[in-house]
Amino acid sequence: MKVDVSGLTKSFADRLVLDGISLEVSDGEFVAVIGPSGCGKSTLFNLIAGLDTPSSGSIRVGGDDPTTSSHCAYMPQKDLLFPWRTVLDNTTLGLEVQGMSKRQARERARTLFDTFGLAGFETARPSELSGGMRQRAAMLRTVVQDREVLLLDEPFGALDALTRTEMQSWLQSVWQQYRSMVLMITHDIREAVYLADRVVVLTARPARVRREFVVDLPRPRDLSALTSPEFVAIEHELIELLHEEMQQVTPSDPSAPDRGPAKRGRGPVA
Amino acid sequence: DNGTTDATKIRFALDWTPNTNHTGLFVAMREGFFKDAGLDVEVLPYNTASPDTLIDAGNAEFGVSFQSSATFAKAAGADVVSVLAPLQHWATGIGVRADRTDLSSPKTLDGKTYAGFGDAGEVETLKQVIRNDGGTGDFKNVTLGTSAYEAVYDGQADFTVPYFAWEGIEAEHHGTPFKYFHYSDFGFPDAYAIIIDGSEKWLKDHPEEARKFVQALQKGYQLAADDPSKGAQDLLDANPGAFTDEALVRESQKMLAEKYMKDSTGRVGNQTLDQWTGYSRFLFQRGVLTDGSGKALTTEPDWSTYFTNEYLSGQ
Amino acid sequence: MSTSAVSRFAPALVGAVVLVGAWQAYVSVSHIKPQILPSPWRVATQGWSHRDVIGTNAVATLQVTLVGFAFSLIVAWTLAVAVDFSGWLRRALLPMFVTSQTIPIIVLAPMMITWFGFGLLPKVLLVALVTFFPLAIGLIEGFAATEREAGALLQSMGASRWKQFRYVRLPTALPRFFTALRIGVTYAVVGAIFAEYAGAENGLGIYMARQKQMFRTDLVLAAVVVTAVISILLFVATYAVERVVAPWARQERQKR
Amino acid sequence: MSTSAVSRFAPALVGAVVLVGAWQAYVSVSHIKPQILPSPWRVATQGWSHRDVIGTNAVATLQVTLVGFAFSLIVAWTLAVAVDFSGWLRRALLPMFVTSQTIPIIVLAPMMITWFGFGLLPKVLLVALVTFFPLAIGLIEGFAATEREAGALLQSMGASRWKQFRYVRLPTALPRFFTALRIGVTYAVVGAIFAEYAGAENGLGIYMARQKQMFRTDLVLAAVVVTAVISILLFVATYAVERVVAPWARQERQKR
Amino acid sequence: MKVDVSGLTKSFADRLVLDGISLEVSDGEFVAVIGPSGCGKSTLFNLIAGLDTPSSGSIRVGGDDPTTSSHCAYMPQKDLLFPWRTVLDNTTLGLEVQGMSKRQARERARTLFDTFGLAGFETARPSELSGGMRQRAAMLRTVVQDREVLLLDEPFGALDALTRTEMQSWLQSVWQQYRSMVLMITHDIREAVYLADRVVVLTARPARVRREFVVDLPRPRDLSALTSPEFVAIEHELIELLHEEMQQVTPSDPSAPDRGPAKRGRGPVA
């Protein structure tokens, strides 16, 4: 299994969003994608998952065209839970599509409800969930599918720090166990470095690959890794790089009294 | 209505799309008989409301009706009275396709399908005719209205009631002629196939205009009876685009003029108590007439109040 | 239950009472002839005393309505699904659907009789013809209202066109379908009455026509009342069905 | 433009050609009598040679259709908005709307004539009566489809009921309204033809009735063709209006 | 202007969500609300904004019932941008509702587009925005209204670190300038401490006020504040507290290899 993106461009009307992205991800790799808000990360994932077609360039997932095959389980940024299904039945959707019986699919999804902090909400409607719970349900729907490639678009954005840590740990352990390929968009540089083998940094729109960092920290990583000099070095470099990109996408607000992050290379909440 | 300065407005309701049963009306219009009498006549288009209903509700002063409908209407208390009879006899009969050898007389219609019009009295009439011929009078009654004739032509229904001088000729023109069982041949009383009904109340309130109108109309029908080709032409001219088969109109008018319009004296329009009594009494005796509250009539009405010759031109 | 039921039906009752009251008052004051406008009281009493005949005719009409509407549902679903699966079919069939709605009954009735006689069939077909159109349009546009992303997500899961349809497009369409169902089922009853003009032995339409010829406006209106009651019951039934089939669609509205 | 136009209209054309071809073939083979089923060729040529009369009648019908439908739109919007603002009114009026749809024309026509004579008015009212129902139901359910949160957000901004309606409920309803508009406008044409039976001097309905009496099935069908063309044009026009008034509603569908 | 919440409870069917919340916020105060995902934060804000009614207890905003008055500008967790309006017209919605002319409202909103990194997207439809851009548009729609109370439900959740820092700085400066009252839900403990005068910590569902921390750091705060001992102390205490809450809401996953956050008091990405 290999994901092979080459020379990918994508425009909406005359707005160029992806400007020649090339990327190779091989079996069992965990890749994080970061880049300024609005640069084209979700667009890239949509294309890899086969939800949309490139303007030019090619994408191969396991050698196949993603629009006609399905090696990926995709968790889009919008949670896209369906109001006509209970929470449990939303999470079994992928399995049902794959032809699993409803009963079996439910059994399988149900085992994860506890881990995802959704126990007791199996028969609730999505409208009864909080924002973070929706995100977890969408994640559950994705990972339960057992695909060769996981595409996760900001899977932990709406979670509090501790729930987030739990989920990250869980994801790492699952990934280590099954060695599926994971591509994850995140805004959190530490999350990226903590979880990924490689971090791909995109430029501001139109997105190009600005740089790739290999995170060569030992596995399994625990939280002590965060204080290792390698970690801090990579983190720092990433912050610098991203900041350069930011300057291009968000013209700075002259009224802002504190331009600190630019100088210090790190926001209050990195 | 103040008919003193302006021409008096008279609304006239039709029973069907224009046909030769209406020729007198259109002749009177085309020849200016109404205008000469200072009348402004408006022909109301044919619609789903029956002329008797329109007259009774005050939406028309006059209209084309049938002796059966008028009898039902008046028994129920409707404000109608027959003022003129354009046709002196039944001009309809039981019609079956000419090639139906199995249908040789009314009694053979037992158990068959009647393509009907939902008209008051039609079923009673047909039943009686069949019984008079020795049948039971039990047949299937399917209300079809305008589609009745097609249903008989293509065999879905077995019999209907055509006007000899209209659907009858039409059927011949299209190669699917009817054969008929005439009511009178089976001991059934004669009746006026077509009458002109007026609002009794309006007649009382406007005796002058009423007389002028009825006489102008009578003059129209008389002309159509005396000179059918002129009558037909007036009918055609008054309804441009309405008739695609002009020969039908001319033939039909000729047939009506020859056989149905004039009484023994050659006059058009007169009605007699005898003829009214014959058919209307039959309806009464069958117990189908009801009063305004829906109860069957128990005493026979005075049939002379159901029509009047008062407004016709003097002898 | 009982207080909420009261508050639910009270407005309709008040409305009906006001209307009927005004009508009765008008009739009493104006001394209008009963064959032109009978009083509601008279309609009720006369209708009641003719309940056997009206009932028989109502059953005939109800049968045509239900069978015809069931057939209409089958046709509408089949065509709408076909149209949803093929843009080509959509563009070919949509004009035909519209055309089918423009053929007046006087043209259609004789053809129906020629082809199908006087049985249940022609009437059922007429009801279907009158009612399939709102159902089909409602379904077609309901399917098309599916969020692009939702369909795409299913596709990314490897769902075939058919599964995308079943899991996303179909549920998305249901709320609109029920709107269309309410329109369709209301037309179904008038459609049935109307179809009786294409040739029927009995049914409320025929009954009304006959009573009208007999100047029995009170009985005509009694039949109208029966028709209205049937229609309203069918209309209300759609809400019940919706609550079972698509409960999420109404949650929103119940809050108001 | 030209290739996309071709691909857009080709299916409809192919469909029409197949249908007309089959019809012509059937007539030629079966030697069916023209008064039962005339050939399309005959319909076309005869229709063409009577184009003046048909045209005059078509204009009359079109006028009734347009005026009646405009009136229907006004009525439907007024009632739907009123119903949206008051749950009480909704429960009082909805049963009346349904009832209004159950009154058959044979009952209505004489009343219409009694009250409004034979002018344009009764026909306009009949068209409105036939078409306001789908419009009103579509609007009412469209308004009600508003997300609860969206309305609440507006309320938190201090929006009055009216502003909530204007800024959220109204735009939410538009897609469904256009679905209902397509149903309504299609019925409007048949409704007009139908209204002509309640009394009209000219119009396609009257023309068809007359030609049918004369057994000119070919001319009846020619008039049906004209009716269909008018209906389809009005139907297509709704898409154009929708594109202007509610462009966001169709973006989705255009992608398919 | 004062927000006064007392003895507030809220249940959905028989699910008790808020269990007697009392809270007072006074003029010009900046209060952050944190608590485990799904505990009832958004529910609380919905009630304060008047979007829903309490099961019991009372809420007063400037002495008024929030369901009938509107002192608050609310940015809900769902962005609720309307597809039938352009991005610019979505942001002017609140102003239009207040009766400002469309032209004037547009002028006013337009001046903020640059600051919010949305320049060039004025006439775009919301569906053309990225996730982070939608969030910024929703924030713009809220702050442009100039209300006495700002209620922000996770305003920066979908933003990358640097955009987020920019927006935080901007918010602080605006708040300092106009001294409007701000209530903000966040999952980010550092964000809470950095921006707020007071941090309210809620328990896991059913939410009660677990504790309130006064953040007595000088204003304007710049990023150096983050390293001050007071800051670190408050941050640490908050993390501990929240972790206790978490234990109750998400039963821990026994398969998770790393239970570090609990022991270390800090996730990889706090």
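Order as written gives the chain letters A, B, C, D and E; numbering starts at 1 within each chain.
We take it that a contact is a pair of C-beta atoms (placed from the backbone, for glycine too) under 8 Å apart; a residue touches a chain by one contact, two chains touch by 3 or more.
Computed from a predicted model, the values in this text were never measured in an experiment.
Between chain A and chain B, the least number of touching-chain steps is 2. With every chain reduced to the mean of its CA atoms, the largest distance from chain A is reached by B. Of all chain pairs, the one joined by the greatest number of contacting C-beta pairs is A-E. Separating the CA-averaged centres of chain C and chain D is a span of 17 Å. Each chain gets a centre from the mean of its Cα atoms; for chain A and chain E, those two points are 24 Å apart. Distance between chain A and chain D, defined via averaged C-alpha coordinates, is recorded as 50 Å. As a whole-number value, the distance joining the C-alpha centres of chain B and chain C reads 38 Å.
In chain D, the residues touching two or more other chains are 36, 105-106, 114, 147, 209, 212.
Residues of chain B in contact with at least two other chains: 53, 57, 146, 150, 154.
Each of the following residues of chain A touches two or more other chains: 78.
Applying the touch definition to every pair of chains gives A-C, A-E, B-C, B-D, C-D, D-E.
Listed in rising order, the residues of chain A touching chain E in the complex are 12, 34-39, 41-42, 77-78, 114-115, 117, 119, 128-133, 136, 153-154, 157-166, 168-170, 172-173, 176, 187-191, 194, 220, 222-224, 226, 239, 242-243, 246, 249-253, 255-261, 264, 266-270. Per the touch definition, chain A reaches chain C in the complex via residues 46, 49-52, 66-67, 69-70, 72-74, 76, 78, 80, 82-85, 93-94, 96-98, 125, 127, 145.
Contact residues on chain C toward chain D in their complex (touch as defined above): 8-12, 14-16, 19, 36, 87-96, 98-99, 101-107, 114, 133-134, 137-138, 141-142, 144-148, 175-176, 178-180, 182-183, 186-187, 189-190, 193-194, 205, 208-209, 212, 220-221, 224, 227-228, 230-232, 235, 252-253, 255-256. Partner chain E is touched in their complex by these residues of chain D: 147, 149-150, 152-159, 163, 167-168, 171, 174, 246, 248-249, 251.
Against chain B, the residues of chain C that register as touching in their complex are 33-36, 46, 106, 109-110, 113-114, 117-118, 196-201, 206, 209-210, 212-216, 218-219.
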